[in-house]
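Same chain, two partners: chain A is paired with chain B first, then with chain C.
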Partner chain A sequence: METKNDIMACRINGVIDINTSPELKKKFEKVVKEKVPKVLINLERVEYVDSSGLATMVEILKKMRAYGGKLKLSNLSGKVKGLFEITKLDKLFDISDSESQALGSF
Partner chain B sequence: MNIGTKTSFLLNNTAGSLKEVSAGLISALLEKGVAEGTVFEIQLSFEEALRNAMVHGNRERPDKKVKVEIEISEKDVRLMIEDEGEGFDLEKLPDPTAGDNLLRECGRGVYLIKHMMDEVRYSDGGRKVFMRKKIK
Partner chain C sequence: MENSKQEAREVIVAVEDLVRKFGDRVVLNGITMKIYKGETFVIMGGSGCGKSTLLRHIIGNLKPTSGRVSLLGTDITKLDGAELDGVRKKIGMSFQSSALFDSMTVGENVSLPLREHTKLGKSVIDIMVKMKLELVGLRGFEDLYPSEISGGMKKRVGIARAIAMDPQVVFYDEPTAGLDPIMSSVIDKLILDLSKKLQIASVVVTHDMKSVMNIADRIAMLYEGKVLQIGTPDEIRKSPNGIVQQFIQGSFDGPIRFFQEKDDYLEQLTK
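For the complex of A and B:
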């Protein structure tokens, strides 16, 4: 995780599923606790997300929204983007094609 | 897993056994030259259904088992998963894409399976699911 100009940018690698979601939740507990106002998650290196992973992303979004925080996602692979589209979570999340596009839209 | 034969497993109710059988399926499909996107959809559906069987069906009880059958042919892959739970009513599952349900943290597993596989049939009161997907 890296913070610049009050935006916290982070990259997630590998898999977001039922096994790895608890660790992701734990990492974002600090973000929520400190009420970080703007967070960008780059998912370029995420190759697999299951319904638990999607649920974790929704949970993080809800917790951030509760204190007025903004969460953006970028660089989703075709497969992962497809999951967001099928479940219509692409309507819930602010998704950008690139990190620079996301950073510029906060 | 050999092409054209049905392979059966009786799994312990653990995440480890889920990943082990799933890894075998993925490896057999990739070896057969199935497109990566199709393998992803089969993997996701298989793991979602297995997890549902272990967590919601068998309630994570270590004394319960999950029966799995995998059949890979030249044309398609057929998967059967059966738990020892009390079943569920498919009709009562809310649409996770409708209105406020988008903000719910659960309920997307079966929805994803239905979108990713070509055929999905639940039977035996929801304890058993059959899924099929074309691979050629």
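For the complex of A and C:
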């Protein structure tokens, strides 16, 4: 995680599944508590997200929106993008193709 | 060409020379088949042909007399208890009767495997349940009880529960039994959609011919505990096998005999 111009940008590696999504939830509890206004999650190195991972991201989005925070996702692989589309979460999240595009759109 | 393509695909279920006897009666007699990732594989046959018994062996509910069943790369024929449960957590099962708990809401029924097998928090599980219900077209129904919804909806809730844990394969036992033709088509489409979208294998046990031809990538035709033929719907339709033809056409006349000869009857009555 790094913060530049009040935007917190983070990169996630590996898989977000039943085993790892509680850790993601825990990390973002701090973000929500501190009411970080702008967050970008780069998912370039995420190979797979299961439904617990998707649900965790939905929860983070909901909590951030509650205090007026903005969450954006970028660099989704074809497989991960497909999962967002199947579950119609692509309509809920602000998804950009690249990190620079996402950063410029806050 | 087709064969070489299939060899490269991930094998989800491998059954090798499976034999099961109940006493002297041979119910499964040397079954061999492979089911691949992402395909819809239908096990078809008349009542008593052994198809449900085969399914129960594939999911580890029954042990074979001889032969081997490999599920997601693990030989389950020798597994028991926690080891078997570990493999079975990765599969989904949709039962003929839907098998919902009447005392639980739709949402609680779907969340049951997540509450039992994971340490996920309630808020995440609640969102997952709603996502699964969305996939089966029942978002917003989570607070209703099974007694408050139709038979077709119950089937869909059962399917939502079967996919709760993101399985790599879902087994459906007679998914369209007892449903009207329209609801049967809805369930067929749902099975197809889930297979294609989630890239999971679907293994369907049924004797509903219309459903078979709608959903199958490949069909295994079982008769008297043996595999008569495995092929695409087109190959099965064109099968030269008289028993296969009699079954798909639903004919009374053919190699499958429903009544014994009079001589047998007299002999059996007086034996």
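Structural remarks
Quick note on the criterion: the second predicted complex is superposed on the first by the 106 of 106 C-alpha atoms of A that agree within 3 Å, B and C clash if a C-alpha of one lies under 4 Å from a C-alpha of the other, contacts with A are read in each partner's own complex, and residues count from 1 in each chain.
The criterion applied here is as follows: a contact is a pair of C-beta atoms (placed from the backbone, for glycine too) under 8 Å apart; a residue touches a chain by one contact, two chains touch by 3 or more.
The model shown is predicted, which means the values in this text are computed figures rather than measured ones.
In the model built by aligning both structures on chain A, chain B clashes with chain C.
By the document's definition of touching, neither partner reaches A:A66: not chain B, not chain C.
Looking at the shared chain after the overlay, A:K91 reaches chain B, while chain C stays out of its contact range.
By the touch criterion stated above, A:P22 is placed in contact with chain C alone, chain B being left untouched. In the superposed model, B is the one of chain B and chain C that contacts more residues of chain A. Touched by chain B in one complex and by chain C in the other are residues 18, 50-52, 54-56, 58-59, 86-88 of chain A. Across the interface of their complex, chain C is touched by residues 18, 21-22, 25, 50-52, 54-56, 58-59, 86-88 of chain A.
By the touch rule above, chain A contacts chain B in their complex via residues 17-19, 48, 50-52, 54-56, 58-59, 62, 78-79, 83, 86-89, 91-92. Contact residues on chain C toward chain A in their complex (touch as defined above): 118-121, 123-125, 127-128, 131-132, 134-135, 165-166, 197-198. Of all residues in chain B, only 15, 19, 37, 40, 43-44, 47-48, 51, 96-97, 102-106, 108-109, 111-112, 115-116 touch chain A in the complex they form.
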